[in-house]
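Take a look at the structures listed below.
In the two assemblies presented below, subunit A is common to both, partnered first by subunit B and then by subunit C.
Entry: the complex of A and B
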């Protein structure tokens, strides 16, 4: 028999209490693991944003168009390195439920501004010379089983052609990879020129302008200069860094981060109270036994260690099972086609696992410290008299 | 029987404070216990016999005076040093057995050995010997709730002797048992005293139980009132300064 055996026996002496406490902790870490992964997936676009990239959108909101003439005007502003433009196509493949996020872009400048899109030279050449050509992210290509040379119909739930059809026939010129494996590649790029010439709304409008600056330190002055230039025009602009833009986009859905943090914090606080009370009660019921251990010669420090370890083991037991189930749920959710489209980076990261284990240890320490301290300070005579 | 002094109490006083009132349990108590003695301490409730036992066992400290164990004072030892001293020299037997309910007899007996540096095989052997000595070799795997009161007290005795301590302190060891079982337990204590040379100090209310000891001390109002010395094992050297 050793300390571990004694801890195990004390933990399992009241199986109902152990079960209820473990389930409470399990739920807390299930929530933390799953919602934390969800939060990270939502925020991954923000984290992976380039430092020197700015996004210019219509000041009213980003769904409102801007004139294409802005491209050259912005190019002329000091500190601007490169300018591209993009439109939201709103594509789907065969059926509306097969969402295929598609942007109509100025191909050459877009590939320059987004240097983190990796496309081999042959594919690039093919795409630039074929107006009906598209390039597809490797994630999207793998989801649909597409390869280079495939002809695919891409439909828009916003735009239509002169002939009334809302489906464009495209040829896959290339499949691109991300420079950073975590960058989302679940989208398609098509030629703006082809899109603009074939859609019946016309208008030479663009959706937004991604630009790069000569240096990230110039971001603010360049953004101010752009917005100043178009102030009081019919299409005022709002320029922000890519990370700010992505964050603002996410906040259209609500402050997800705050909601998730709130839910998890409320869960943890409740569990802290429940498990803390239970641990205190558990130790209080064993006052005489603790006194006997001390009488036998167990030092106060050792008694403290035994009680605190019980609490730590309890937190780890419930927490690790909860985290495992959360991992299982995250994996399951990431296989769902719709969620896959919305949150391509839905994974349980190493950060979440490490954070969870740290929180488990903290939970165990906080809930176990006071009972362990009381046990350490327990007066043998008082405790035996109470018996 | 040895003439070697094991315990000596010198002018030991114990006072408690309850609110503004200070209660004196005993004052300037002197007592000497030799190795191999079997001393029973009798007295009415509140006479201080359990307090005395607790002080001898190093779980309580005197307000003043000195307690010498093999000529070394123990009253100034720190809590941690006293815990180590108890683990090395003392075995305790309680009225209500105080076994760990989640551990079987074998594991309960093994508890004091967790404080010793012994191999697993040595521990098993010691536990088996102790359980066999108290006649519970076949009940090793039973939980306390599966044992009778007498059997639980035997497990407690096995736990007290498993680490081969010099001293056994028994606080009303038969207080919760019927007469026949109590006699068995007392005979066992007598055996441990006579055949294994354990020094035993036993607190009891029961005059029949006290008869099993070689020396019986009556404690009342903080002083030893009377000393009954039985036969040739009457080795206790007791000095009563306040004897009435």
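Entry: the complex of A and C
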């Protein structure tokens, strides 16, 4: 008899149980695929941030300003290649709920420090010469349906102009792409000069300084040199790599990864219990049948293989459908505008798919191993006697 | 009728007593339901705890006035002049010194979270002693209050428990200037307990704020009524501000985290289907294993409905034990755990997991639903087992 045929017959012997088990496994992998993608989306900002870029912030806290004179002072420090600066604008579009992440930056140096912002030469030229110009990330432009040349009102929930209005009129000079498709482009860059001259509070302050060094190996010494230079001044600095900075920021939310891992583990454990017991039942109900198979000359090894394959098939059947549905859900969720803002990188990566398949095989193996082992060790005479 | 009840009781008794025979399958059903209930309750305890902190913070007697559109204290900016103008608005309660108001500053400083040893944002509020009096739940529990004009800090009890660097007597360096922690205050579980307070003049000087503020809190003449102030602001072209009661301000801030509750429900419902599959499986097996027994009962005159209830009760009992187990696990692991997350004001809010009675009841209800649905179909089958099965040889 064909092995596949036997496995199929055994699987479909109790159709209700097959259905119930498949549903349980399906749910486990639906959760895994969806939550795993969420977790990756949360962490992607850290993984993608460059290690060779340093961020200089005020030591009190990164929301505290630094004087603009620091730009030239830092430029003079040995090992520093490029220095730019940025301010948080607190931007929103039309309604405060529609947050539009906007930085007021020194355009030329910012593009040099962030080489992963891809902007065509034409747009770059237009932007650098137009004070009211902004450049918009591809993703943000597509969310709002903006194109080059559009005039848009951009409001701030922090700043206002001398005339009391908190809305600035901007012209889109260009739309930029990321060098790496996973990099977030859900933000806007505006000119610091325009921002500083029109906002009421003034002050020539900057928010933070992104810098590059001549060589990544110099990072630590450059960071130390910067912090030392401003130690005991009224605006002390704290310099870290961009990835350290992003990671620290993310950790402020609490341990999201831990929560997600906990939930997925709980879900998997539940399914393991449900499917494991059910497989054990399946095999113990078939004791007599297995004894007959063995009497017919099936080797113990073959019996072992048959039962193990049965549980592997079951795990793959439910698991792949669940994973497929998870992919569907991830695609759907990534279209939600609010989620798009929070988690711009919500996609189901290849890693998740590979991991899922590995877990399916593990689930099949764990739930099938003991019943298969028992069947292999089954003593024919004892088994037939039991009836 | 009486005999039917006796029949049902007899069958239920048999089912329950025979549970140990199906020990492992029953145990797995129970455990899987326990896990589902546990996940739901953990999320509910988290969102309830967070809500409780924010809801407990806002008073209906106090209004919060922010720069228009800024939504959070951190973003807001108000010059000393407009603060002076709005302080004279009608609708604000007065005492012998005039209107009761508290212009405040809200800046963020770094602290170290004890549990992860990472840097986090902590709110530093600059206010006056009058402002502290507005918060009736606040009292100094160690040390003393800061003295006006001095570089002194007082910290909430949650700051002391959760973060390093702000112990009583510590010197804290902010921009090259040393500040001393002189006191610890208790804020009755409110958000203020996760704040650091100092005199507003000292903050204005240290953070180059001139004569500006970020928020004005005022005591309302009539609790909950901000209409007079709103009308006053609208009538004066120099003022562009948002007013809301403090209670409303904080409850709007909690909406983001309340989403956690929905996440918890979503996960629990998904996982409940998995557990339901397990429960159905177990109960079908239980019915199949006892089909001869059930048919025999039928043969000696028991009604089908008695068999139905027997299976049904077995399933519900298992689910109930599972639900209670899940609750106990969550209670032991999570209830009372204190942690912090970044709130709408961009700084840490400390809150405590709070497993409420209503969450417990919700969890048990979820378990019972799984038990009822998981029991119904197998019970239906049990009630329809034909008598003839009793006379066939064992399967």
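Side notes on the structure shown:
In the analysis below, the second predicted complex is superposed on the first by the 385 of 387 C-alpha atoms of A that agree within 3 Å, B and C clash if a C-alpha of one lies under 4 Å from a C-alpha of the other, contacts with A are read in each partner's own complex, and residues count from 1 in each chain.
Quick note on the criterion: contacts are C-beta pairs under 8 Å (C-beta built on N, C-alpha and C of every residue); 3 or more make two chains touch, one makes a residue touch a chain.
Nothing here was measured: the structure is a model prediction, and the numbers come from that model.
Superposition of the two structures on subunit A leaves subunit B and subunit C fitting side by side, clash-free. In the superposition on chain A, contact is made by A:28 with subunit C only, not with subunit B.
Subunit A is touched at more residues by one of its partners, and among subunit B and subunit C that partner is C. In the superposition on chain A, A:381 contacts subunit B only, with no contact to subunit C. Rounded to the nearest 10, the angle at the Cα centre of subunit A between subunit B and subunit C in the chain-A superposition is 90°.
In the superposed model, A:234 makes contact with subunit C only, not with subunit B. Of the two partner chains placed around the shared chain by superposition, subunit B is the only one that A:13 touches, whereas subunit C remains out of contact.
Within the superposed three-chain model, A:76 lies out of touch with both subunit B and subunit C [touch as defined at top]. Of the two partner chains placed around the shared chain by superposition, subunit C is the only one that A:276 touches, whereas subunit B remains out of contact. Once the two complexes are overlaid on the shared chain, A:63 sits against subunit C while remaining clear of subunit B.
The gap separating subunit B from subunit C at its narrowest, counted between C-alpha atoms of the superposed chains, is 9 angstrom.
When the two complexes are laid over each other on chain A, subunit A has residues 387 in contact with both subunit B and subunit C. Per the touch definition, subunit B reaches subunit A in the complex via residues 54, 57, 59-60, 79-80, 83-88, 90, 92, 94, 96, 98, 100-103, 107, 110-112, 114-115, 123, 159. Interface residues of subunit A, counted against subunit C in their complex, comprise 16-17, 20-21, 23-24, 27-28, 30-31, 58-61, 63-64, 90, 96, 155, 157-160, 164, 166, 201, 203, 232-236, 248, 251-255, 263, 266-267, 269-271, 273-274, 276-278, 280-281, 387. Subunit C meets subunit A in the complex at residues 24-25, 28, 31-32, 35-36, 38-39, 67-72, 74-77, 107-110, 116, 118-121, 174-177, 207-208, 240, 267, 270-271, 273-275, 277-278, 280-282, 284-285, 339-342, 346, 348, 394.
On the subunit A side of its complex with subunit B, the touching residues are 1-3, 5-6, 9-10, 12-13, 288-289, 292-301, 380-381, 384, 387.
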